[in-house]
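After this come two complexes, each holding subunit A, first together with subunit B and then together with subunit C.
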Partner chain A sequence: MRKVCVLGGGMTIFRRRLQETGKEMSYEATKMALEEAGLELKDVDSVVMGSAPDAFDGIHMKGENLLDGAGGAGKPYLRVFVGGGTAVFTPIAGWWHIASGMADVCLVVAEEKMSSVFPHPQSAFGHIWDPILDRPLKPNLVWIFAMEMNRYMTVHGIKKEDIARVAVKNKRNALDHPCAQLAANLTIDDVLNSEMMAWPVQRLDISPPSDGASAMILASEEVAKKLTDDLVYLDGAGWCIDSTMWTDRDLYFPEYVAGAAKMAYKMAKIENPRKEIDVAEPYDPFDYKELHHMEGLLLCDKGEAPILTREGVTERDGDLPVCPSGGLLGVGNPIAATMGIKACEIYWQLAGKAGKRQVPNDPQVGICQAWGDLMQYGSVLIMRRG
Partner chain B sequence: MTKPENPKGVELSSKQMKEGDVIVNKWDPRVKYAWATGEAISRFLEEMKNGKLIARKCDSCKRILFPPRMFCEECFKPTTEWVYIKDTGKIETYSISYLDKDARRITDPIFVGVVSIDGASEKMGIMHYFDETTKEEISIGMPVKAVWKPPEEREGAITDIKYFRPLKEGEE
Partner chain C sequence: MEDRIAVVGAGSTKFRPDTSEQNWKELMFEAASKAYLDAGLNPRKDIDSFVTCAEDYWEGFSIYDEFVPDQLGAAMRPTCTVCGDGLHGLAIACMQIMSGMVDVVAVESHSKISDLNTYNDVVLFAFDPIYNRPLAGHPYYVAGMEMNAFLNGSGNTEEQCAGVASKNMTNALKNPLGAYGKNVGVGDVMGSEPMFSPAKKLDIAELVDGSIVLVLARAEKAKDITDNPVWITGFGWNSGTPWLEGRAWGRASYAEEAAKMAYKMAGIAEPRSEIGFAEVDDKFSYKELMHLEAVGLAGKGQAGNDLENGRFQPDGDIPINASGGSLGCGNLIEASGLHRALEVVLQLRGQADGRQLNDIERGLAQSWRGVPTASGAVAVFER
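Moving on, here comes the complex of A and B:
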């Protein structure tokens, strides 16, 4: 297997609704990533596009619709989709293009335009449930989170205020992100007093639907060495999905995230993730998910993540900075395009390019993770400074 | 330098969309679907009409699988036997929702969650509604029982059970 490096990243602003089409957003993000890498489209051997349900755009064959903006015309091109897990799975698909020797430079683009669907993106989410067992109950996707959050809180005896702390931290971190949609200085009480959506989930526990695109340039070590001395390697990749029968598993712990993490740690030869990981970007569409995923990533014991958060360990200047980007909670949640605040962020942090968001612990190893489908999918990517 | 530098994008408001300040192209897809319910779920739905819940047993791992399936996804072997299970169970988790399926606010909240069914293997259950309880009373681990629609109103659907209610003292 060949070694793979990251050469650049890019992203649009994240907003509830952008004027640009998905194609135009993809173009803007791609141009940015190419510029940072110091490459042009002609240098790209293959293109991987990631985008979540077609139902948002109302355009089937969405991969084809987006391809011109993603620089895919006339090249080996494919679109990948694993629900919310797409944000980190898309660069994984790019990684294997290069690791396998099929390409020297791979352009990875992720796009989501959630604003096209009416009355609300939730109306499109309705189409992901099992048509016979679930849909007759007229479910809302927030129910997934509410049911999982309640189980997680009950099993470990976690208080809501210890979960609200995550929303406060991430929205504050997002004040330093130029793309942020919902950056804010809030208090725990603001979160606890916000509108009740589906108990225990309140409005400020949730990340907003967004439009946006992001892009990354991946290259073989040989190509990367010609362009830069500051190498950042994709060091480990893992992905894992649990059974479709989501009502048959205990929702308090994401076994599938642990499965993906173990696969990635093995590849990256990481034996003690708690000690060896310097910065983490777990998927945080809801505040409790950051905690749930820290535990799934084996960065702490089951039920320990809220305690670490309370002790300040996960602050940007803590021992283990978590979501220094501001995360989905603060920057926004254009599903696949959150690659920009997960994979791109870990690259920028390790390359020392995160500026105001830079974690001060001189990070050598970082991890990012995304999550999706019916509480069953995890994708994990580990990066290391060369 | 803070990456990303000068990110692009032009924000639009819903007001601009509604008032025609920007050109919008609309499309209203009109398609309908009729899903075959398959071997296992067809029988499951037939039994719902009779007011019964049915599962499938895997001879290999001995699990009683519910909702039923014709193969065990772990052993990857055919399941071998239909097993009637009870219409009582335990609340595994729940939510009290003030949102309908299109994220519209509702004042009368929906009690919804996962109920594991007695007689099936541990944790095996379905999503359903809860009622005849309150925000204060409902809890994880609470024993519950199905409340069925009258036989003449059942149509072979998950909604043939109206909801699950708390199990009464001494009741089975």
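Moving on, here comes the complex of A and C:
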């Protein structure tokens, strides 16, 4: 297998109702990533696009529409789509392009423009359900995640304030992110007193809908060595989908994330993730999801993540920094484009380019993860400093 | 190619305009079961990864990816969706194997287009929302305009396009999978109802439902699985500009570039003499001629003459769309590319029944994603 390195990343600010079109946001992120890598579009052999439901943009074959903004015109161009898992799955697809020898330099672009949906992107989520079994109940996402959060809290006896700590931490971390949409200095009480959405989910437990794009440049080791001495390698990848029948699983533990993590750890030859991983960016669209995913990633025992959070282990200067970017809770949640605060962030942390967000002690190994579909998809990517 | 990849299993439903007795999951289940049986593999143990090709608007869901795993035996396994044609999915599957991450991959592609009451409007939703969508009308006007540009630019004729439709519909009579096999002459096509001038009713492939699954394996695994492997020796894919206004109309740049990529990989310098037969996209009759010139199986402006000289007939120099293509079997939307790959595999295995071609070693499959895209893929298969 050819070794694959990351050479650059880029992302737009995350906001609701950015004036730029999806093409323009893709262009902006792509340009930043190319500049960081010291490459031009003509050096790019192939382009991978990641984007979630077409219903957000109201454009059928959205990938085809975005392709020139993402630099794909006249090139081998592919779009992958695994729901919310797309954010970390897209660079995995880029990895295949280079490891297989089909490309030496691959541009990975992720875009989401949710605000085109009127009045709110939640209405596009009305079409993600089984038309016979689920849709007549008129469910929405907050509603099912409330069920999952409740189950997680019930099984482990977790208090709401221990979950609220995640929102406080991530929104504070986001104060250091130039693209952040909801960075804030909050207290646990602020979260606990925020508007009740669907018990136990409150407004400050949730990440916002956002517009945005992000991009990464991946290259073969041979190309990367010519451009930089500080190599960051893609070291392990895993992806896993559970059954469509979400009502059939016990929601307290994301087995599919564990499946993807085990695949990635095997590839990266990691036997003790808690000891060997220096920095983590699990998917945190809700505060409980960060905890849920830390457990799914086997970074701690089941039910232990809230304890580690309470003890400060997951703070930026803690023993295992988690979501030092500010995550989806603080920076924003343009579904696929959260690649910028997951995969790009891990690259920036390992390359020592994270600026004010930099975690101390020279991290060597980082992991990022995304989650999506009907509480069903896990994608995991591990990077290692050369 | 260092890591050779073989097709070790193939399965398909029939292609039919209406499948109201089966839902889309049942179509996928049928094709997958047949492919796994053909390969002699248990998907839950023996297949490492699953790829489906789909677009939300075709399926009528947001995040269609959710609805893929169960009917493919892919629950709790590495599975992904590619928003592309079946040959794009094939390319992803091959890259997964070549990258060393997996050994055996199943690729699925399907059409359940009969569920869609508003096909025209959905295709219009793929047009640029500011510049093109407001022009409305039936989106196939783009194909009519492109046909006109192609014929004017290349010197090929409407009669020659009608010849393509006649050949493919006749070929489909020998294909039990096909829905539109019939004895149709050039005059019948020329006399059929005018639709998107100069395209007439019989120049345009009718929509059908169906599902196709191919199972691919790395060489060392393939030898244990089957005695009759078909090797994928080259593949490529490419997209032109999405802007209708910015394209070189009448030229399939995506097919030219994809073929170049695939030929380089397969070590093919002279496609006309090195490729024995081909299945190329013919969602519109002119597209077959256009694509043949783009992938180098006919000289520029010569595809129509070659057709009239019988070169592309099943008993000609280089049989094209012996399956019946989309004109004869039906337009499977995103599954059209995998339909072509399936036919090439069946031919190379010697399993094409009454339409079996003789003395073939190497075949080509080529796809196009349809109006309004300029995206497509190519794959080369060998015995």
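The rule we apply is simple: the second predicted complex is superposed on the first by the 386 of 386 C-alpha atoms of A that agree within 3 Å, B and C clash if a C-alpha of one lies under 4 Å from a C-alpha of the other, contacts with A are read in each partner's own complex, and residues count from 1 in each chain.
We adopt the following convention: a residue touches a chain if its C-beta (ideal position, glycine included) is under 8 Å from a C-beta of that chain, and two chains touch if they have at least 3 such contacts.
Just so it is clear, the model here is predicted, and its values are computed rather than measured.
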item	value
Partner chain in contact with A:259 - subunit B first, subunit C second, else both or neither	second
Touched partner set for A:218, first subunit B, second subunit C, both or neither	neither
Which of subunit B and subunit C A:83 touches, first, second, both or neither	second
Touched partner set for A:58, first subunit B, second subunit C, both or neither	both
Which superposed partner A:243 touches (first subunit B, second subunit C, both, neither)	both
Touched partner set for A:28, first subunit B, second subunit C, both or neither	first
Partner chain in contact with A:183 - subunit B first, subunit C second, else both or neither	neither
Subunit B and subunit C contact sites that coincide on subunit A, given as residue numbers	58, 131, 243, 245
Sites on subunit A touched by subunit C in the complex	1-2, 52-55, 58-65, 67-68, 72-83, 89, 93, 95-97, 99-102, 124-125, 127-128, 130-131, 237-245, 255-256, 259-260, 263, 267, 372-374, 376-377
Touching residues (chain side subunit B, partner subunit A) in the complex	1-14, 17, 22, 27, 29, 33, 35, 37, 41, 45, 65-67, 69, 73, 92-104, 109, 112-114, 123-129, 135, 140, 157-159
Residue ranges of subunit C in contact with subunit A within the complex	2, 55-57, 60-63, 65-70, 74-84, 88, 91-92, 94-101, 122-123, 125-126, 128-129, 236-243, 253, 257-258, 261, 369, 372-373, 375
Subunit B contact footprint on subunit A (complex, rising order)	9-20, 25, 28, 32, 36, 58, 115, 119-123, 126, 131-134, 136-140, 142-143, 146-148, 150-151, 154, 176, 178-179, 195-201, 211-212, 243, 245, 247-251, 340, 344, 348, 353-357
